[in-house]
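There are two complexes below, and they share chain A, which is joined by chain B in the first and by chain C in the second.
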Partner chain A sequence: MANIEGLNHTGRSVPDVRTGEQFYVDVLGAHHCNTISSATEDVRAGRGAPHPCNTVAGYLFVLFPHQDDIPLPESPRGEDGSRIGFSVSRQRFDDVVARARDLELPFEGPVQHPEHGPFGESLYFTDPGGNFMEVCWRRDEEVAYNPLVSKK
Partner chain B sequence: MGPLQLEGFASVVLDAADLRATREFYSLLFGSDRGQWREHGRRVTFVGGDQSVEFVRHPRPRTLAHAGQHVGYRIPRAEIGRVADSLAASGFEVNRWHEDHPSERDTTPYAKDPSGNIVELVPSDHAGTLIDHYYVPVEDIEHAELFYLNALRGQLDTYFGYSTADVSQAHRWSEGKDSAAPWTRNAYVSFRTHEPNPTPAAQVFTRFGEGYVGVTLTGQRLPEPPEEFLKYTPRLVFRSSHAPHEVASYLASVRISPVSLRYDGGRIRFRREGRDIFLRDRSGNFFQIACAG
Partner chain C sequence: METAAPANGYRTTRQLEKAKELPQASDALPQYGGHGYVPGSRQEEGFVDRISHLVLGVGSLDRSEHFYNDVMGMDIVGRGLMAEQRPHAVLRMNTGCMLVLVEDKNVVPRRLGTNAVHHAFTMTPNQYRRLLEKVKEHEIDVWVDRAQYLAEGEFNVNFRDPDDHALEVCCDAPEASEVILPNVGTIDCGPADSFKVGDVKLFKEADVFLVRVKEGFLAMSRWCTHMNGRIIWNREHWRFQCPYHHATFDRCGNATGGQPDIDALRLYPVNFSPEGHALVDTSQVIHRACFEPQQASKPPKVAVTA
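Moving on, here comes the complex of A and B:
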């Protein structure tokens, strides 16, 4: 049985990786790390079109161009609830909402969650590739959440 | 001094194995009424308006044609067919390809001069300007963007090779359904699938005045002179209204690096000779800035 030790990265497809990356920078404050296949040696290894790597609060993701034209979803909240969720402090959540409005980003929310649950409010939207996202604040934000267990 | 401003192209300087044959070839391109030829020792120059094309005799011309380096010359639209036919009749192979800048989506004639420099005939309605664009291969397109956009302060016209539509075009090219210039697509075997992976070449187009520099991430090896060589050929000459000491001071202060590291690296090496500044990008493409007096 594979003893998975942690999440390393995710890959996401978008129609245009440059505009896709700019979305993550503008909306989520992502930081560019590097771009795979931006050098001759990568080209010669058949690694395909450039795909930028970015981090958001330590979470690493890579953007690829879609291989085919994929219709974008109609709902910002997704079809079946599948999404990647990011969290911010309660204090900053309102700033995130304001920023989304300034950018004229289609979104659903803020959605109020039940008071007895871990989540306070959430904002739902999609990236340019139709990948579903959520930004939330947690009622238990003072509690260390799911600490990484190092291999012994 | 404010931000660096390069007003456009003053000239290109190319190697030529045979100056007489080179002059005959380019006379077919430029005709007799767009400018005049000047000879000076081992150099011959065509001067047209405020631009020139200079050829330097060299026994082994450095062309980088294998990676698609070329100059796009503006030819009166009504003359394109005749010029292409005259090149073919003179024994030069003429191909018809398209490239990926929006102005190059239709096929246009390409040929090699007697020394192997690729020329592109760009149909133009205002052919008073000789040089439409200068296209160079690079080995690192992230660093190239920093050089051309951040350091040289070019304006981003557009880019290609980063989107689904561009990948689709590469697949059509691999199926023989697209007449893209060969340096704009590749199909190296993927290290993961062990199958050819049709891919568009990542390209960035940077505007300087009326002309633009096209930069392409190549899959070819680029032989280049030793790093200390800053004045070499082929090279593009920019025009600047700044004084040379201003440009030198600016270049000395520029730091470009694709990676955020806490070190004082990312310098641009350059050399000043009178009113001219000579520099190169990281892939060995050479440039000159002709400054105001």
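Moving on, here comes the complex of A and C:
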């Protein structure tokens, strides 16, 4: 067993939090949770700003505004930074690819991963802030891992 | 171990001190996701099924693989397991979430123009305690960004990895969802007839709000039913509000937003002394899903003298 449970949430920056959030809702089916505007030490010191929180398949994304104009990346595979990957069942993967085409979402893939690894196939795209994203199916989808959260 | 983390000079004392606090030893699995949100508490249907992995660019695969294995506690799965030309390593966490480290000589840990990009992980209390030992052992600077907004039993720590990626580790200990009793017995809140309908008064010694509604009196626990944050009364918006995870409640204690599917604020029984004082018995907690008129204690009728 590892000494860590899993991923908790991700903070990302987008040029405009309103259009950024709309992408997460319209394309990824995100749910708006709340907009955090607490007067934390960071906000008071000018190091933060109110930020909307949205969940995608139960995983929280916190969106922050860019502080400057930032050039968008050329490739959606995240070759110069981080990337967040979601999974779907192998059965659903082709539907997701078709859905991405229906949405006219620019993407790369599907790309096949080596058979000896945990990943099956992936497609890659970016959000409006140029943040890299991935959807894959996994070869270990039948493994009974710990739940993301336990029930109260 | 060297880190590219900046010095902590711009952190407040509270942000630095809070990072030293430990949860009680426990292997209890987390009950909350990011920012206290509970995955699965509302219908989640969409483009994808669940979180799978995080990919990070790193300057040295050996150095980062060691950091995420030794300090962060991830299991090493192997190298060269993805359709990725550059050297890369895959590590696994207990929920099946993976971390993929990709070696890149031009790592961009945080996008230009923002310090908000960060990656947060979940640990059990014992895993969190181990982490704090490890960061101390490796002399890694730690602080808590949201130091003043952590509920009871909620622990966060922020630090940087060897490539300056901003990391956060979150832990909700069992005490975050346990009922907290004030242990102050019965408190005398003064003459009942001094409260007008709509009045809300805080009794800090018991963490109790006494509220006069048209049906009678409600003595409400100040501890949020979502996670144990102390709620405040927002007079301008006629709402109780939890500053920790943004749950809101109306004057009768019904949940009105901020967090889905949570119960109304807990109650304590209210009785009245022969002199007509409102007495709140803090030894008994009444759980409820929502407000019902019979929950309010009716004040004694004031004798009308000719």
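Just so it is clear, the second predicted complex is superposed on the first by the 121 of 152 C-alpha atoms of A that agree within 3 Å, B and C clash if a C-alpha of one lies under 4 Å from a C-alpha of the other, contacts with A are read in each partner's own complex, and residues count from 1 in each chain.
By definition in this document, a residue touches a chain if its C-beta (ideal position, glycine included) is under 8 Å from a C-beta of that chain, and two chains touch if they have at least 3 such contacts.
Predicted model, so just to flag it, every value in this text is computed and none were measured.
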{"item": "Chain B versus chain C as contact partner of A:Asp16, first or second or both or neither", "value": "first"}
{"item": "Touched partner set for A:Cys53, first chain B, second chain C, both or neither", "value": "second"}
{"item": "Partner chain in contact with A:Asn3 - chain B first, chain C second, else both or neither", "value": "second"}
{"item": "Contacts of A:Ser89 with chain B and chain C, given as first, second, both or neither", "value": "second"}
{"item": "Which partner, chain B or chain C, touches more chain A residues", "value": "C"}
{"item": "Touched partner set for A:His66, first chain B, second chain C, both or neither", "value": "both"}
{"item": "Footprint overlap on chain A, comparing chain B with chain C", "value": "34, 38, 40, 45, 47-49, 65-70"}
{"item": "Complex interface listing, chain A residues touching chain C", "value": "1-13, 27-31, 33-34, 36, 38, 40-42, 45, 47-49, 51, 53, 55-60, 62, 64-70, 78-89, 92, 96, 99, 111-114, 116-119, 122, 132, 134-136, 138, 140, 143, 145-152"}
{"item": "Chain B residues touching chain A - in the complex, by the definition given at the top", "value": "139-142, 159, 161-168, 186, 188-193, 196-197, 199-202, 217-222, 258-259"}
{"item": "For the chain A and chain B complex, residues of the former touching the latter", "value": "15-18, 34-35, 37-40, 43-50, 65-70"}
{"item": "Residues of chain C defined as touching chain A within the complex", "value": "10, 12, 14-15, 28-35, 37-40, 42, 44-57, 72-75, 77-78, 80-83, 90, 92-98, 100, 104, 106-109, 111-124, 127, 130-131, 145-149, 165-166, 168-170, 177, 243, 245-246, 257-259"}
